[in-house]
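Following this line, the structures themselves.
Both complexes shown next keep subunit A, but they swap its partner, so subunit B is in the first and subunit C is in the second.
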Partner chain A sequence: MELTFGQMMFYLFAGIIVLFSILTVTTRRILRAATFLLIVLVATAGLYFMLNYQFLAAVQLTVYAGGIVVLIIFSILLTSHISQKFEKIGLMKNIMGAIAAISGAVLCITTILQYKFSATNAAAEEINMRLIGKSLLSYDKEGYVLPFEVISILLLAAMVASIVIAKRSKTTNN
Partner chain B sequence: MEFSIYDFTSFTKSLDKLLNENMSSFWATSIEMLLIGVGILAFYALVGLFLVYAERKVCAFIQNRVGPNRVGPYGIIQTIADLFKLLMKELIPIKNADKLLFNIAPFIVIIASFLAIAAIPFAKGLHAIDFNIGIFYVIAVSSMGVIGVLLAGWSSNNKYSLIGAMRSGAQIVSYELSVGLSLITMVIFAGSMQFSVIVEAQRDGWFLFRGHIPAIIAFVVYLIACTAETNRGPFDLAEAESELTAGYHVEYSGIKFAFFFLAEYMNMFIVASIAATVFLGGWMPLHVGGFSGFNHVMDFIPPFFWYIGKTFFIIFIMMLFKWTFPRLRIDQLLTLEWKYLLPINLVNVVLMALIVLNGWHF
Partner chain C sequence: MYTGIPLEAFLIISTFMFFTGVFGFITRKNLITILMSVELILNSVNINFVAINRYLFPDRLQGHFFALFVIAVAASETAVAIAIIINIYRRFKTVDVENVNEMKW
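Moving on to the complex of A and B:
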């Protein structure tokens, strides 16, 4: 079977994602787990680039790789020492974990295989910023202004809560 | 094959055609990717070497010294000699370090800056990838460099490098906001994130002049914030020599240290070229609307030299910053960002939106 460039890149990214996802949960050093998670997230962004959806790929890189992983690493830097390792997991826990993971994988794979994917003839559409911005803030049927505003209120509440928590610990110390 | 120094579009197109005629599209694409990769890599190394030399010379003149002047005329070959010294140095393994992360960290730093350089337009048609979200892409990939810095600091198992990494992390994460917001101000003005569209829109005048007050505010904020984001003085407390010996890369030696060093200079080059592209028109020659004779004279200078000239002008400003201002403390640094730059930036975005909506620009 002749592989096209796209297929080759897909298998490369998929292999990286599978390999490093497994490494993330099996490594015994916490910062290594965070680094492997970073590689998984970057490879996912690569898949989005392959789909020609650059906006989502860039969001994936900024929010997950540049934001969340940096926060995780930052908290690890503040709390743990380099010599710390997780305890070895017992055999029973390993077996139970493997059974849970495999049954989950089987469930997902059978569902995907049963679905009939039909190829579409529609031309690939470039999703530009204007389109995303307009549908994000439109009141119409296909608009997303309500979820957008709800999420922004949620973020505001979280920010206020974090400031309140930070302030309180300061006053009790004095 | 036609070649013009003013417009590379036809040259790249004919190269693409030549390759596709002689081999399958798989190999043609592979060779094109290889050519671009090698080209950018060579450019990367050359600019890095030159920037180190320029920094030493500028520093020397500001401090009333001569600077490197022994190796080659005016010491031009000095940095090449330094490079060979670094390449031949022993790579010292750290006994109690996390070896995997210790070795990965320099590569993460250098890959992040290498990804960013791919989206920068060097001249008309000399542009590796032209995403419709160009600016956002550059912000996204350059935000990953801090991970390398944090990993390097932690995995070295050294208190100085850990403190340096923490400082650097706090600094980059906070100043990223200002860099992003000041670029968003210009995106509002340009109406696009695509670098080629942004450069083309500045044909009749650079955005710095056309956007007047908010554009100048955004430019100043961008210059301050990107100096901080590249960990350069006066914001270089991540590697404050007098307190932390060298900060996060204190345990690195040889080529691994050179990677951090090179990435730092290339990040400076990247932020300077984004500033040149977004505010000063990129490779577009200086045009004044209406003066067609003047514009025609300016067109004779090839776009690539315009781009390099503007970028090095901004780099020169950043070097002046480094050697004239005293280093900030960490609390002063965070105060500057969160209490001054960020509010100014948010107001500036609204001001720019107002100006664009009312058409109060040139």
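Moving on to the complex of A and C:
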């Protein structure tokens, strides 16, 4: 069986995601966990590029890989030593977590494989920046102005909240 | 680019990533690594949204935009969570969930 270039890229990204997401939750050094998480997020952006959603892939790269991972690394450097290693997780806890995860995964994958997905026959829409901007700010049937405004209020609230929480209070500093 | 790849392949990848995140959420003790597991879970849901949008409803953009909104929610959630974690570190000098066992009285 001859693999096309797209299939090869897909299996490459899939292998990277599987390997490094396991490493993210099992490694015992916290800074390495953050680096592996970064690799998983970049591979996910690669999947979005394969699906022809370039704007979403760029957002994934800038917000996730550029913003969130940097924030996580900052907080790691503020709260723990780089050379610190976690103690080993108890065997019982490991087994229980693995049973929960594997049983859930088996259940979901069997459901996915049994379900017959039916695609619409409509022609694929070309996605460009003009369409994205118009959809985000229009209020007719295919418009998304309400979630857009809700998200902007949420971002403002999160910004104010994180400043207020992280600020050192003057009076109760005992 | 995606011809020859079934939709189920994307869904299986995202299922795998989701339950890896669940495993990390259960077994980890450090608050920051728990936060990383939550990021894995949110990211896997995004893959689902985008793949189903592209394969089943290519004439619409709903999955694309909801993936965008999930990314925004994830960013604000991380910002607030890290502010809380840094505050916990100031008070308790540790970020392990086992040692943080009292609330403000």
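Operating definition for what follows: the second predicted complex is superposed on the first by the 156 of 174 C-alpha atoms of A that agree within 3 Å, B and C clash if a C-alpha of one lies under 4 Å from a C-alpha of the other, contacts with A are read in each partner's own complex, and residues count from 1 in each chain.
Quick note on the criterion: a contact is a pair of C-beta atoms (placed from the backbone, for glycine too) under 8 Å apart; a residue touches a chain by one contact, two chains touch by 3 or more.
All values reported here derive from a predicted model rather than from experimental measurement.
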Ask   = Looking at the overlay, what does A:Leu12 touch: subunit B (first), subunit C (second), both, or neither?
value = neither
Query = Of the partners subunit B and subunit C, which touch A:Leu38 in the superposed model: first, second, both, neither?
reply = first
Task = Determine, under the contact definition given at the top, whether A:Gly104 touches first (subunit B), second (subunit C), both, or neither.
result = second
Inquiry  = A:Leu137 in the overlay: touching subunit B, subunit C, both, or neither? Say first, second, both or neither.
reply    = neither
Request  = Using the superposition described at the top, determine whether subunit B or subunit C touches more residues of subunit A.
outcome  = C
Inquiry  = Taking the superposition on A as described, I'd like to know which of subunit B and subunit C A:Gly66 touches: first, second, both or neither.
reply    = first
Inquiry  = With both complexes overlaid on chain A, does A:Gln54 touch subunit B (first), subunit C (second), both or neither?
reply    = first
Task = Kindly classify A:Ile76 by the partners it touches after superposition: subunit B alone (first), subunit C alone (second), both, or neither?
result = both
Key: First (subunit B), second (subunit C), both or neither touched by A:Thr24   = second
Touching both subunit C and subunit B, counted on subunit A across the two superposed complexes = 4, 59, 67, 74, 76, 78
In the complex, subunit A residues that touch subunit C = 4, 6-7, 9-10, 14, 17-18, 21-22, 24-26, 30, 33-34, 37, 40-41, 44, 47-53, 56, 59-60, 63-64, 67-68, 71-72, 74-76, 78-80, 86, 89, 93-94, 96-98, 100-102, 104-105, 108-109, 112-113, 117-120, 122-125, 127, 131-132, 135-136, 142, 144, 147, 151, 154-155, 157-159, 161-163, 165-166, 168
Key: Contacting residues of subunit C [partner subunit A, same complex]   = 1-5, 7-13, 15-24, 26-30, 32-33, 35-37, 39-40, 43, 46-47, 50-51, 54-61, 64-69, 71-80, 82-87, 89-90, 95
Partner subunit A, residues of subunit B touching it in the complex = 26, 29, 96-98, 100-101, 104, 131-133, 136-137, 139-141, 143-144, 146-147, 150-151, 153-155, 157, 162, 165-166, 169, 173, 176, 192-193
Note = The answer for subunit A against subunit B in the complex is residues 4-5, 29, 31-32, 35, 38, 42, 54-55, 57-59, 61-62, 65-67, 69-70, 73-74, 76-78, 82-83, 126, 128-129
